Amino acid sequence: MITAQGLSRRFGGRTAVHDVTFSLAAGDVLAIFGPNGAGKTTLLRMLAGLLKPSEGTGSVAGVALPGGAELRAAIGYISHASMLYGALSARENIELAAKLFGVRDPRGISTRALERMELHDRADTPVRLLSRGMQQRVSIARATVHDPLVVLLDEPFTGLDDSGSAALGAHLAMLRATGTTLVLVTHSIAEGLALATHAAIMRDGALVRLEKGEAIDPATYLTVYREHVTHGA
Amino acid sequence: MTSPSSAGPASGAAKSAGGIDWLFLVAVLAIAAALARVIYYTPFEAVQGPAQKIFYLHLPAALDAFMAFGVVAISGIAYLWLGDLRLDRAAESSAEVGVVFTTVVLVTGPLWARPVWGTWWTWDARLTLTLFLWFIYVGYLVLRGAIDDRALRARYSAILGILGSLLIPFIHLSVYLFRTLHPRPIVIKPSAPSLPPEMLTTLVISFVAFTLFYLALVRQRYRLATERDLLELEEGR
Amino acid sequence: MAPSTLSAAFLIARKDLAIEFRTRTAFFSAAVFALLGIVIFYFAWDPTAVASIDLAPGVLWAIFTFSGLLGLQRSFGIEQADRAIDALLGAPITRESIYLGKAMANLVFVAAVQVIAIPAVQLFYGVPLLENAALLALIALLAAIGLVAVGTLFSAMAVNTKLAEMLLPVLSLLFFVPVVIPAAQATARLIAGRPGSEIVGWLKLLVAFDIVFVAACTLAFPFTIEE
């Protein structure tokens, strides 16, 4: 579903992502951990088709990077910023996305998405009046309105309280259960591991450790992470 | 290995990468020679007298300024196409030198206009165009200064450089139409260049000297830009 | 099936106008700004020295450009606020459709300000602007297209710079020169009751500007957003 072969990205002379290689099958969940400035967001934006790789190749949902509209149609992108228009209601935001993605019956799809996210009673409230947790739910509904094969998440837990985090985790588990491939960038180890089938640690633009589900021991992973991140820094 | 472009020509040349900057030296000598010819070996113009001699600075500077902004636009197009930062450095250097040359035009113009036209400034079509030219490329330099990200700076400057060159004919046309449709108090217009051979030779020599000077300045400025980019790269690591 | 460039542009324009209609902040401030400007300009001149018929076209167009800037300032501000621009960029639509959509919304914005400012100039300056409403509307539309084409592009660029609020007017006003001169000149001839042949040249200049800059800015826009 996702392959990356030696992906690199430079900004001017600065290298943000260096030689990243991995591959994921449908239904896999890759959690990428790393400190700020490790290049996690840049990697995600390359996979989302928002940034051109400087070097290396990759493909998402069978489309080579940096794909055009076809690639973007297969991806849902969620970040800690809501990516919503505060003056518009939840329904309007979701419906706009549905129309831009060319989904059939945008009205019906939005209504169902609102119900699934338990937002139907606040559907017509301007988004800026909703709580952070509710906004994040609208965000997810917006990003998944076209049933993407791949969902990319950039620090989605930021700014959420415990119940908000739990709800988000449950929604992501639901996506995983339907066979959606997820790439989750975060620095919160526990929340990431709860979902992950694959885990990676990123530092200075490179993946310094990548392992599959069975090999991950949640009890010791934090120690492993600290070793890798502080090592040589 | 530093090349301070702000230092005098001699010291700047001596310290730059290849020892003496021969181009710079030649350009300075050429300017000196051209000025000597302007002052000592070119006759006075009958009507305008000594003031006319500023014309040998004014016109070459204007032509080279236009050339400089042409380079900015062409490097901009090439940069958007190829994404090579060397093209952006060329554009940056050419724009900066172009602004200096345009400033020379804007200073020498009124100096000449005062004795000949009897006024420092008039909204003559060419004068107005030069003023807007200056605004466009000062704006270009302001934009450059307002962006930290190196690649973004290069892209945005390329866009402005291209749009700026598209804007010039429109400003020229609207200012020209504005002038012709709005008759103003008559001032003596500079006659079409039916120059006697001696004056023409001086003009050509001066133009060559200015062009050499332009190339030498751009080369120095380009080296500075390269060093700065390298330095930023090291700091970014 | 993802929407075509034009239908995506309409969706984006409609979204922008819906936001503006909900909040109305930018439009009200632009309209009040325009009215204030018209009034203040009147007192900046000595009416016994300058006839208002000579003054009105210049005032009208100076005010349009400045109040238009208020709308343009906001255009990409609303996209930047919660990074909604990323959602647009992630949608399977062309980059050009984003530019065209934003530009269309800005055009409606500028036109709406014109609808308020033109009668105000007629009222306060006592000049026969609305007598030639159709021709004036044509001048206003052609000029507005030019202003918006360039302004929308610069708005997209300015939000990503350190000088955001200052850079937009600095860059835009320069490019507005070949729009304001023909528009003001054509308007002046219109209210002076000059023959249409005197206006044609100015209109041609406006049309040429619109064609060149709508094309150039549409091509340039994809380079202003991350690649």
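The first chain written gets the first letter, and so on, giving A, B and C; residue counts start at 1 in each chain.
Please note the rule applied: a contact is a pair of C-beta atoms (placed from the backbone, for glycine too) under 8 Å apart; a residue touches a chain by one contact, two chains touch by 3 or more.
These numbers come from a predicted model, not from an experiment.
Student: Using the touch definition from the top, list the chains contacting both chain A and chain C.
Tutor: Common contact partners of chain A and chain C, which must touch each of the two, are B.
Student: Would you identify the chain whose C-alpha centroid lies closest to the centroid of all protein C-alpha atoms displayed?
Tutor: C
Student: When I count C-beta pairs in contact, which pair ends up with more: B-C or A-B?
Tutor: B-C
Student: Among the chains, which has its CA centre at the largest distance from chain B's?
Tutor: A
Student: Chain A to chain C: how many Å between their CA centres?
Tutor: About 38 Å, centre to centre.
Student: Please report how many Å separate the Cα centroid of chain B from that of chain C, as a whole number.
Tutor: Roughly 32 Å, centre to centre.
Student: How big is the gap, in whole Å, between where the Cα atoms of chain A centre and where those of chain B centre?
Tutor: Taking the mean C-alpha position of each chain, the two centres sit 50 Å apart.
Student: Touching two or more other chains, which residues of chain A qualify?
Tutor: Correct list: empty.
Student: Which chain C residues reach two or more other chains?
Tutor: Chain C, residues with two or more chain partners: 227.
Student: Which chain B residues qualify as touching chain A in the complex?
Tutor: 85, 149-151, 154, 229-230, 232-233, 236-237
Student: So in the complex, the part of chain B that touches chain C is made up of which residues?
Tutor: Of all residues in chain B, those touching chain C are 80, 132, 135-136, 139, 142-143, 146-148, 152, 155-156, 158-160, 162-163, 166-167, 170-171, 173-175, 177-178, 181.
Student: Could you please specify the touching residues of chain C with respect to chain B in the complex?
Tutor: Contact set of chain C toward chain B: 150, 153, 157, 160-163, 167, 170-171, 174-175, 177-178, 181-182, 185, 198, 201-202, 205, 208-209, 212-213, 216-217, 220, 223-224, 227.
Student: Where on chain C is chain A touching in the complex?
Tutor: By the definition above, chain C touches chain A via 1-3, 8, 11, 15, 18-19, 22-23, 78, 81-84, 86-94, 226-227.
Student: Considering the complex alone, what residue numbers of chain A touch chain C?
Tutor: Residues of chain A touching chain C: 45, 48-52, 69-70, 72-73, 75, 77, 79, 81-88, 92, 96-97, 99-102, 126, 142-143.
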